[in-house]
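What follows is a structure written as structure tokens; I'll ask about it next.
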Amino acid sequence: MNPRELFVQVTYLTASVLFIVGLRSLTRPDQARRGMNQAALGMLLAICGTLAHHEILRYDWIIVGLVVGTAIGYPLGMFVPMTAMPQRIAISHLFGALAATLVGVAEYYTLVRGPGVGHAEMAALGFEVLFGSLTITGSFMATGKLQGFLPGRPITYPGQNAVNLLLFAVALGLFGYLIFVPGQQAAFYTMIGVAFCVGLFMVMPIGGADMPVVISLLNSYAGLASAATGFAIGNNVLIIAGALDGASGFLLSILMSKAMNRSFANVLFGAFGTPATSSGRSSVGLAVRSITAEDVALQLGYAGSVIVVPGYGMAVAQAQHQVRELAEQIEKRGGEVKYAIHPVAGRMPGHMNVLLAEANIPYDRLYDMDEINPQFDQADVALVIGANDVVNPAARSDRASPIYGMPILNVDRARHVIVLKRSMSPGFAGIENELFYDPKTSMLFGDAKASLSRLVSEVKSL
Amino acid sequence: MNPRELFVQVTYLTASVLFIVGLRSLTRPDQARRGMNQAALGMLLAICGTLAHHEILRYDWIIVGLVVGTAIGYPLGMFVPMTAMPQRIAISHLFGALAATLVGVAEYYTLVRGPGVGHAEMAALGFEVLFGSLTITGSFMATGKLQGFLPGRPITYPGQNAVNLLLFAVALGLFGYLIFVPGQQAAFYTMIGVAFCVGLFMVMPIGGADMPVVISLLNSYAGLASAATGFAIGNNVLIIAGALDGASGFLLSILMSKAMNRSFANVLFGAFGTPATSSGRSSVGLAVRSITAEDVALQLGYAGSVIVVPGYGMAVAQAQHQVRELAEQIEKRGGEVKYAIHPVAGRMPGHMNVLLAEANIPYDRLYDMDEINPQFDQADVALVIGANDVVNPAARSDRASPIYGMPILNVDRARHVIVLKRSMSPGFAGIENELFYDPKTSMLFGDAKASLSRLVSEVKSL
Amino acid sequence: MPSTGIIELYVFLLAGFVGYQVITRVPPLLHTPLMSATNAISGISLVGSLVAAGADRNMVSTILGVIAVASATINVVGGFLITDRMLKMFKRHDQPDPGPKVG
Amino acid sequence: MPSTGIIELYVFLLAGFVGYQVITRVPPLLHTPLMSATNAISGISLVGSLVAAGADRNMVSTILGVIAVASATINVVGGFLITDRMLKMFKRHDQPDPGPKVG
Amino acid sequence: MRIGVPRETTSGERRVALVPESVGKLVKAGVAVVVEQGAGVTAGFPDALYAAAGATVAPDAWSDVDLVLKVQAPTLSEIARIPSGAVLVSFLAPRTHTEAIAGLTARGVTALAVELVPRTTLAQAMDVLSSQATIAGYKAVLLGAAQLPRILPMLTTAAGTLAPARAFVIGAGVAGLQAIATTRRLGAIVSGFDVRSAAREQIESLGAKAVGKELETAEGAGGYAREVVADQQARIDALLAGHIKEQDLVITTAQIPGKPAPKLISAAMVASMRSGSVIVDLAAETGGNCALTRAGESVVIGGVTILGPVNLAASVPGHASQMLSRNLTALTLRMVKEGKLVVDPADEILGPMVVSGRNESGA
Amino acid sequence: MRIGVPRETTSGERRVALVPESVGKLVKAGVAVVVEQGAGVTAGFPDALYAAAGATVAPDAWSDVDLVLKVQAPTLSEIARIPSGAVLVSFLAPRTHTEAIAGLTARGVTALAVELVPRTTLAQAMDVLSSQATIAGYKAVLLGAAQLPRILPMLTTAAGTLAPARAFVIGAGVAGLQAIATTRRLGAIVSGFDVRSAAREQIESLGAKAVGKELETAEGAGGYAREVVADQQARIDALLAGHIKEQDLVITTAQIPGKPAPKLISAAMVASMRSGSVIVDLAAETGGNCALTRAGESVVIGGVTILGPVNLAASVPGHASQMLSRNLTALTLRMVKEGKLVVDPADEILGPMVVSGRNESGA
């Protein structure tokens, strides 16, 4: 092995390790940034290594490509608002898949004109362009729907699934054929065309709300295409990065579909979006945002100040001990926990006091309404545990409400509001609560005791 | 690729996956057995695959080897008592390393007489026999010391470390030399001889108590030797299994040395055993067994019935809430928790009742001494939390003791006894407690509240 | 001795396994950064693109390669930048305690 | 394209990484079964031994190979059996509740 | 406008209608307050504190005021001292106290009976029934526990294990729930019973056991209970008979608005109880939930002590006055519109409380 | 041998020396028990239960017995009824009650004073001081809490937040610790003070705050405290003066064996307390920890109520008798050797308790 080759291999090996280490760092929010810097370093190494590759003869075009890419990539990275994240990720899948597809086509074009394409090589190349091209159009559709330049609603027609499956079967058939007869250029390009259609049609029937699952799946496809590139050109770092990507995208799409109560088959075979959407919508047409215990735990674990607002639901669930446990965990991590006791929380005067005292929560953590209300502004999280009427903003704003004029806890002034209750049922006063539809509010549904137990474990394991 | 080759490769690939899956199953005690069966299946596949290997021409000798091996292995697996586990594992490292070394020697012998040895091949082979041979003699020493046919005490002499390092340097030097001049048979066999000595001398100065660390390290070496075999004969399943072994042995030896309060360098460079042993020993010459929170958690998590014995230490630590949390976790896993309240536990009548009631532990879980004493026999674990005098068997047996005649809780009748306290200090009566030296008893030292918090997390994460 | 393709399959499988193990331990709130991180890493297809663009084999290959280089670079640059922006949000805020306590 | 040796290095590293990740999650009480399990798996050197014993290359190789086969088989057979014996001890005992309760 | 706070003259009444803290609040709102000398002493608030809070302390807090805040209903002679056209807010027991109401109407006094406060979420700050019942529920437990020949919590000691006492609370309204909370704090094994299903859930929300959950409910209007029908009563009787005989401490609080308290514990049930057991009947004033209760007295029959305390809140005068005073202040501030006292009969809270007099009063 | 259990005649004494459960145990051990008619009634144990347990219920439990178990020291006339040569076990207050001791000695009665039980781990089952102090500590809190014009727990209600009461326990022996536990159960903010360092740790082991941890300790023999020297007393005074004036409920239990109770709360400290505060002085019988305490009476000075209850355990006769009875049974069983009553003066527990009479008695 000559020194140059050695250098290339060393950079690749190092890059592979750095990628893995970098992704691993994402398991811990406080180490994630450092880890991603390591991954970026790995990327730099891999690029440098490749530039030293013996096959590379001229650099002028490469520089053009790099400059153009950087010019587009920098603003995409720095200035796209966080709210536009989904479409941002979707479009980057487009770029990734495009790169993989083009490399595949170039390779095929070169080989078919030169030494000819081997069967194994054809398998890799075919896989690469097949997944690459359907990801290109799929990502394009997803971006369009999310960004709004394509209609966001699902576009459906009878027999859609059959058509999609058929198209996919045709593409696969062509791929199989090519493996046996690699030289059939017409088949190759037709396959690309069909794959484009598959991508388009696959995403067409899917509504905006289900897009994250699709994006994740496309992530996985793009990763597989990269890995196939690696097989085609015999490059390990591509294989490894592609496999990481593929696994991650696949897993994420499963996790997300689970979170949306869809079966995995439903996700894989693209029949998303067809059943009526089940996301919570209130009578007033506002959406409710449900959240997982893990996410709540992360918010609490990294919050500087948390205000707990207990209500009758905490009493019903007899969750007072779990409340204390959670608070202890948060405090152990350096957060501060206060309890906001509304005068009429619960069902008897002092109901919350009785329970919190039972759980041995020190009196000096309890704040009554007048003391705590000015402090919500500075709270990172208001954790509402089975309270409802006492945090209902209708009391402030809705003259028609039966509780209009009752002073309430201003939880909606906190940075985030998390509400633990079992359902969307109203409380004692029997009225709806707009707080639950506030964009700042996330609902963790379930019995308060069970939810809190989960939160305790999750915060502990952060 | 011909079908036979394909078959071989498929079995290898499957075996690799099964090994990984099998080891992974060890993270969960309830799945571990199934996982190990999968690993065994993997092994079977790999063997069948190899038997189909095109290089294998005659089976007669192979069968002899297999039969002899099985005849020795079966009793070693089935009838060796659990208490002889350390030496059992040590001797199996000997066999593993022997196999790797012999294969290496055979390969070298064949190559050197035939096509000659390449540099890369020599590197792999050299590594293999080097680590293999030092593991052979090292394991032999370890087995001997543990089984008792060699003197168990550390054998030391001045300058020992220097001698060992020198020997190792010589072996490495020969190895380096061989990579450049692979054909030097004398150097090859000398290296093996020197490596034998390294193994011997390395383990010589180590006492019986430190043996587990050594065994783990030898495990790692044996694994590396296997992996090197894989490199030498180009076999992935060997590389993977070897790497798994190597990583596992290495990690375990680190973990164990940490548990023994030794630095890793101390372990790596074999200067074990030289400082005075620090294991706790009572004035009566009995040993105290300290235990980690993880191990306690595992015992509790898989116990069918646990009896908690609270004492004044629980009160001092104000750990009552953590006691309830732990009990809830155990109950969630299907275990049963009872509380044994000794009449004079604590420092005032009813001290334990007051605290346990504060933590909302239901009265019907509390048992007084007469009710609970007959139940210790059937308990898997007696968890003594900051109690001392009330579980002191001296009250039963030692006529000279100031508490002789006081009825005590018979915790020593339970299958395991775990004691949570901060030190070996006595309790109110100021007398030593033999219970702590009972072979059944494990001590988890530390403040009861802190220890219990850890236990809660650990049991949760089982 | 197996062909390189077979060994590469091992690499692929093992890497997938590593990916699986790593990703299952990423908490859900970091799933978005994770997506953009894997996205950035998938910019590694730049490596293949560079060869296509620079190997000077034929015009088609070079042109396709240059486009591929540009696309992949977008991902690398944009992906790492945005991941970093997102992860910045997970810093702890250590702020002073406001207001009085009741006794 | 790199040599098989290099790719095998990837395999080795990735496998080591997988091993590391898996082993760090094994609870301490299972460390002894883990040791004997890896020990059983290390019997995989049987694979190499089989080739040495059966390839019929020369007498030395065959003899050494046979001894190696025997040694490795001991580990495989003994290792899996004893691991299984150990793991059996981790079954839950579901026993009836003895004795009365105070009310 | 001026508020008068006379000294309570009813015997045993140690509360006061306004505590100094509330005086300060009212004065800040631009209202003058006259407090009769010594009005707060029995509740632990000497005159000096009132003066410091901005009240005028005078021998007479009746004349020349627009609003009289009292605890107990005024006697006929006191009614005569209320300026005609003024507003009176106090307990009035309007259903039984018809003579006084007539007197007030005759004098042209707008009287608000605080016991008629609507039990809605919005009215809670003015809900004297809830605030005083809270105190009563707590105090009932202390009385009962002190009477018992045993302690409430379980204690395992060198002299044997003392079994925990069993406490049973009938009627889980405000007082009943507080009694449940307090007996639980003291370590008793607590159960509760109510005819309203919400109350049953609330019993459990305090960690106590709700018995008779299988029995039909009897919900009335406004969150109150209604009387139960005969066969239902029979089932309740059977339940109680079985449960009560194992109890050490029984606290009853069952009430039905405008009706005598339901008779729930018969003499036979009392006889079935262990010697030394104690019944605290918080419904004594309206006839008692136990057949043997005598209001204001303590009866011992067959070793069972039956306490029939009246006006229990007055025996914790400090905190009871503090809460009452907050309630009355909230009520007053609701009536004050731009410095004037306005009792709007259409007001959802004030309206139902008016028991006599003209509709508007301005000062 | 025969044990006699006479009815207590001291006024206010509702306990009984043996409860039926213990009778059963003794009878099983081969000992005959004679219980005077009505002996257990005040404690809630009617004669029928004794008979059922195997005792002879008779009008006279004095004659012909080998062992008399009593609660209060016998009067001179009762002493005359004890068979000469018999053993008496009861509270005897030997240090002050010299006349009775002399009488017993004269009659040849071996008398064991239960208050002299050694405070060792082994003697705990016989430790009547601990068992009765447990009850007293609990009951003191109920008395004090019932007297307060406020409630102990913190409650946030629609009528404002009721601040938790502050309770302070001086002397953290058995009674003091139980008082701490009980006030904490009721939700007060509790602090404690003691001169023994072990007691300070024990205060914290109940979750309360130990004040004055920086002050020197004054440990006596046998786990008891000793008197403090003058300058130490000054520092304690300063601490208490500062702390007490913020307390709502103070419970004092400080005792020094054989000495009058230390005077810890001066009249000035009482004067500094808020009107409505309550002091419960459990040391009233030995002179009181508060300068103004009058044993058996309740004194109100400047709005502060000082309760000086005596013989508190007797006011919870059921459980107090149960514990006492267990203690006395353990003591009796220790004396019975092969069916005979043997008071071995060398016995580490019995020896120190003997205050009169011969050394051995057989029956």
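In this document, chain identifiers A, B, C, D, E and F correspond to the written order of the chains, with residue numbering beginning at 1 in each.
Definition applied: a contact is a pair of C-beta atoms (placed from the backbone, for glycine too) under 8 Å apart; a residue touches a chain by one contact, two chains touch by 3 or more.
Since we're looking at a predicted model, the values are computed, not measured.
Enquirer: Just how many steps, at minimum, does a route from chain D to chain F need if it may pass only between touching chains?
Expert: 2
Enquirer: Quickly list, by label, the chains bordering both chain D and chain E.
Expert: Per touch definition, common to chain D and chain E: A, B.
Enquirer: Comparing centres built from CA atoms, which chain ends up most distant from chain E?
Expert: D
Enquirer: Out of A-E and A-C, which chain pair has the most contact pairs?
Expert: Pair with the higher count of C-beta contacts: A-C.
Enquirer: Which chain's C-alpha centroid is most distant from that of chain A?
Expert: Checked the centroid distances; the maximum from chain A is F.
Enquirer: For chain A versus chain B, which are copies of one sequence, does the interface use mostly the same residue numbers on each side, meaning over half shared, or is it different?
Expert: Over half shared, hence same.
Enquirer: Could you give the separation in Å between the centres of chain C and chain F, each centre being the mean of its C-alpha atoms?
Expert: Spacing between the chain centres: roughly 76 Å.
Enquirer: With chain centres defined as C-alpha means, what is the inter-centre distance between chain B and chain D in Å?
Expert: Here chain B and chain D have centroids separated by 14 Å.
Enquirer: Taking the mean of the CA coordinates per chain, how far is chain A from chain F in Å?
Expert: 68
Enquirer: Two or more other chains touching the same residue: where does that happen in chain C?
Expert: 1-2, 4, 7-8, 10-11, 13-15, 17-18, 22, 102-103
Enquirer: Among the residues of chain B, which are close enough to touch at least two other chains?
Expert: 16, 20, 233-234, 236, 240, 343-344, 349-350, 354, 357-358, 360, 363, 366, 368
Enquirer: Among the residues of chain E, which are close enough to touch at least two other chains?
Expert: In chain E, 124-125, 130-131, 134, 153, 155, 157-162, 185, 187, 207 touch at least two other chains.
Enquirer: Would you tell me which residues of chain F are touching chain B in their complex?
Expert: So the residues of chain F touching chain B come out as 120-122, 124-125, 130-131, 134, 174, 177-178, 181, 184-185, 198, 201-202, 204-207.
Enquirer: Using the touch definition from the top, list the residues of chain A that touch chain B in their complex.
Expert: Those residues of chain A that touch chain B are 321, 324-325, 358-360, 457, 460-461.
Enquirer: Give the list of chain A residues in touch with chain F in this complex.
Expert: The touching residues are 341-345, 349-350, 352-354, 357, 360, 363, 366, 368.
Enquirer: Under the stated contact criterion, what part of chain F meets chain E in this complex?
Expert: 14, 43-44, 46, 124-125, 127-128, 130-131, 134-135, 138-139, 142-143, 145-146, 148-151, 153, 155, 157-160, 162, 182, 185-187, 274-276, 303, 315-319, 322-324, 326-327
Enquirer: Across the complex, what residues on chain C touch chain B?
Expert: 1-3, 6-7, 9-10, 13-14, 17
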